[in-house]
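So that you can tell them apart, the chains are marked A, B, C and D in the order they are listed, and the count of residues begins at 1 in each.
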Amino acid sequence: MKLTKEQKQEIRDQQNQENKTKRVTAPELEKILYEAIPILDHGFVRVVDYMGDDSSIVQSARVSYGKGTKKVSTDEGLIKYLMRHWHSTPFEMCEIKYHVKLPIFIARQWIRHRTANVNEYSARYSILDKEFYLPSKEHLAAQSQSNRQGRGEVLEGDQAKKVLNLLKQDAEQTYENYETMLNERYDGSVIDEKNVGLARELARMNLTLNTYTQWYWKTDLLNLMNFLRLRADHHAQYEIRTYADAMLDTLKKWVPITYEAFMDYRVGGTEVSAKGKILIQKLIKGEKITLEKSGLSKREWNELMLAFNLKDNLI
Amino acid sequence: MKLTKEQKQEIRDQQNQENKTKRVTAPELEKILYEAIPILDHGFVRVVDYMGDDSSIVQSARVSYGKGTKKVSTDEGLIKYLMRHWHSTPFEMCEIKYHVKLPIFIARQWIRHRTANVNEYSARYSILDKEFYLPSKEHLAAQSQSNRQGRGEVLEGDQAKKVLNLLKQDAEQTYENYETMLNERYDGSVIDEKNVGLARELARMNLTLNTYTQWYWKTDLLNLMNFLRLRADHHAQYEIRTYADAMLDTLKKWVPITYEAFMDYRVGGTEVSAKGKILIQKLIKGEKITLEKSGLSKREWNELMLAFNLKDNLI
Amino acid sequence: MKLTKEQKQEIRDQQNQENKTKRVTAPELEKILYEAIPILDHGFVRVVDYMGDDSSIVQSARVSYGKGTKKVSTDEGLIKYLMRHWHSTPFEMCEIKYHVKLPIFIARQWIRHRTANVNEYSARYSILDKEFYLPSKEHLAAQSQSNRQGRGEVLEGDQAKKVLNLLKQDAEQTYENYETMLNERYDGSVIDEKNVGLARELARMNLTLNTYTQWYWKTDLLNLMNFLRLRADHHAQYEIRTYADAMLDTLKKWVPITYEAFMDYRVGGTEVSAKGKILIQKLIKGEKITLEKSGLSKREWNELMLAFNLKDNLI
Amino acid sequence: MKLTKEQKQEIRDQQNQENKTKRVTAPELEKILYEAIPILDHGFVRVVDYMGDDSSIVQSARVSYGKGTKKVSTDEGLIKYLMRHWHSTPFEMCEIKYHVKLPIFIARQWIRHRTANVNEYSARYSILDKEFYLPSKEHLAAQSQSNRQGRGEVLEGDQAKKVLNLLKQDAEQTYENYETMLNERYDGSVIDEKNVGLARELARMNLTLNTYTQWYWKTDLLNLMNFLRLRADHHAQYEIRTYADAMLDTLKKWVPITYEAFMDYRVGGTEVSAKGKILIQKLIKGEKITLEKSGLSKREWNELMLAFNLKDNLI
């Protein structure tokens, strides 16, 4: 990640603000507000605004529950209860806004989360930065043989080099031709004064999908957790997972109690089907179980055994 | 509106907070933060949190527009442009949260706005306050004869008295029977120690629709304006309009530039259909227009003439 | 439930339609299309339109998965896989529309599901039917002592009678005064020709929350399942559960494969937290577990044991 | 647009279905159901399912309005009234589903409409088709000088040729390297049996943004009109406008009455601000108007004059 001098200064200016407010604040989050956390080779994620903290969840839940809870349950107990029982609306009462720089093919996964507000940098209006994502060697993985939607072993030696070269060359070449068609360089300088440039909304189509874009992305705490649950999961593509992991850290700084409950009940938890429950009951009673009688597919069976770390039962 | 001592103290405690933050603040809104603005006889609306200000709209729009706008347009010009051309996402980048006390029949209109977050006081869990809405005399209107969905003249003398008496007696009686069924008074005291009470989730069905409820309601600036555009309109029922009017004031304190643009382009503006445009053009050219040749219904014709204050053309 | 002659005829007319279409159809659902299924004392639910069937889920998922799946997995396998792994968008590709008659206090729970389309009968515009919900004796339950949000034992003898009388009298009286204020009976007849009536939008506030309303409610299959998961659950209030149960039947007729997967993975399944997983593993290995070392609250512990029917471990 | 034999057969098979249904049908839309309407060089749009017709809007609006409207207003009058007064929910009661093939840079504009259901062809799972968009000569436009977000004159002779060559070469080369990295051709044949291929989820990043993707896209009638209003507008980028135009045709076949009202009130209509209304009133009265006293910006002034075709007043 490289920021221009001006961008760095703009960030510092925001960080040097010291405003007074009667609103609740999240002190740990304030410490990293506006800071660009580097992700991948040129990306970043930074928190640019937020609203509410753990107490806001309790506050709104208590309106919906009325007088009475105050004595019975501490904030932590209530938040854990709400999480465990899939209450949703109290977690919607907190809001957070990120500025994210990310490769376009990752932006296309991300945007599938619809309950969020987005303003993306417009390549109809402006020229995109000359930055594209190239995987580091340890993330240059082969297609998985067992899982059509996953990665296998890391590519070795020459093949890895060749792939990286192709990615680099194609990105550079298509970007250069993007500039040629625009008749303008990424820094705004005109290439040939006698010529006009192709419309920006057209020229952009020549860029490769690893070109970086950026956006403002705002969502409430519930939908942030929905996002993180899917995207910080090991099934998620590595590249989006790195963003989700960094955002998990910001979650912890923002709403630490909610973070703990989220890790326990969602991220670290598992679902068990009706058929799976019967199997687990039998295992606890020491009864024999077989795939045939379970009603489960082999894949489902193995997913269940792995969820409870019962490797001896894998088939 | 009457608040208990405790409630007043809780509001004062929140108002006395003085936190430091690097976030942007809206100074005029801070002044009335947490304050319960009285609405109708027992209702209120109060801002309990917010995120962003006018500059947040510009900031996110400029990401989506990229470098360049900074020089060309002032914030005000950009916000007006965005409003005029129905840009939506930049206005979603600000968020506000209200605590509202309101009659149930109004809550039922309000909740139809789906893009918002809500936590309502639970009458399954708690006992509702002994408060119900009774219209003041000047709002006790007869059914409109011309508009099936509107109000006509204010009721006079005896009939007004009779109506108010019926509303008051029925609300008091049904509330008292609510307590009887619960075997508990609204203050928590038990009526008959030897008896059990009906489940709260059932007893509540005996209450009338003018009973007050309360909720936390949070939405983004775009959807707040959508709400206000419909509910501060003169077609809206008076009772919800009083809430919308008070919220318009909070909008002005929060995002004054956006407020001006909203009043000019949305609240004070009008839509003209394709057929209506032709009529207006003819009027400007001094040509004769007739209902028959206009393709408009009589009602539509009159709506158009009123929109431009052309009362001589009413039919 | 009583329908007027005209209403019955309108339903029959719709049922007698026999249109040709190239769209997929759900034959079992067609059999009950438009039919009013009675719920509670005066309510009903009826399917009035639908789009798609089980095959539509597979069809859209296969676009998103591309060529290849066709050979590997049968429709059933794919639908089960999608359900197990919380895929959401393929289930959004089916849509259903209900016409529902229901008490207002239940409508207020229902409307909290925001991802749906709703048109409700307008009491600003029209007079509400003279129908209100009175619980049958076996559902007249006392407030639960252990669960503030639940029901306990059924009320007995005299108290039950008294409660039913109060509910009935108050509903009848407030409805009668509603008519008086309107100066119009529910059948449209004017009470006193010399008088004007109170505006409908005001008079309705005198009605009790057990008055019946009705609406068209349309949602996609994913959000229908979200609704049913919460509202057909035993924690849901009995009155809304009866609607959800009837709708579960329509789900089965509409998308039978999805229904089976839904019952297995959602309705009959359970979630286990990270801490809960460790306990289950220990139980399977025959190790000793204690509440103290588990990190669970007592309540959480008991919920886990009940989920796996381990009643001996209840504390 | 080229379809494989198999794809053509699949479409024919769906078109040859003849199912019976009690649901309402839209006969004109049935005629083109499943048909792939060609768009751009390789794209298409086809209606694959729908629910409801014009009568469904009236039906649900009449529930929300109750008895009474039946006599007063015809379906057409009611639909026009609803459209004119921005009623939204009745139009949500119809639903339509499209299968669309489109360049990725257009898909990225399209997906910004969030109130829709989408399943996209997965390039994590499958290999994308070897098809990319190349503009035809008459659409190869230069960047507009006056509007940073628009197109100017069409490029001439040599420059046009050069741009087309660059676009073609880069797309072909990056696609070929995509295959090389995958170690697999688009037809599934392996390139080098001794090698493994790069993971699909990575290799795709080498493709240019004019590569075609495809998806199932489903939305309700209200949100379809919101989409068309913005995307069939002359401010929209030409490439997405061609899709919107074709979809306008399907709208007309589906709900002809709604289509007429939509064209009159939305597409052909205009908004006038509070300040603009005063200007129009003055023009009608024959009074003099000046930019200075109007409170409008020059740009706003000209937009207003153009809306009413008052070209003599342009500044």
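Keep this in mind: a residue touches a chain if its C-beta (ideal position, glycine included) is under 8 Å from a C-beta of that chain, and two chains touch if they have at least 3 such contacts.
Predicted model only: the values in this text are computed from it and were never measured.
Note on connectivity: the fewest chain-to-chain touch steps from subunit A to subunit C number 1. Of all residue numbers used where subunit A meets subunit B, over half belong to both copies. The two sides are thus made of the same residues.
Inter-chain centre distance (subunit B to subunit C, centres taken as mean C-alpha positions): 29 Å. Between subunit C and subunit D, the centres computed from C-alpha atoms are 35 Å apart.
Across the assembly, subunit A contributes residues 68, 89, 112, 118, 122, 125, 148 that each touch 2 or more other chains. Against subunit B, in their complex, subunit D makes its touches with residues 68, 77, 80, 84, 86, 89, 112, 148, 230, 235, 263-265, 267-277, 280-281, 283-284, 286, 297, 300, 303, 307-310. Residue ranges on subunit C touching subunit B, taken from their complex, read 103-105, 107-108, 111-112, 114-115, 118, 122, 124-125, 133, 135, 140-144, 148-153, 155, 159, 163, 166-167, 170-171, 173-174, 177, 180-182, 195-202, 204-210, 237.
The touching residues of subunit C, when paired with subunit D in their complex, are 14-15, 17-25, 30, 33-34, 48-52, 56, 59-61, 63-68, 89-90, 92-93, 95, 97, 99, 117-122, 125-127, 214-216, 218, 220.
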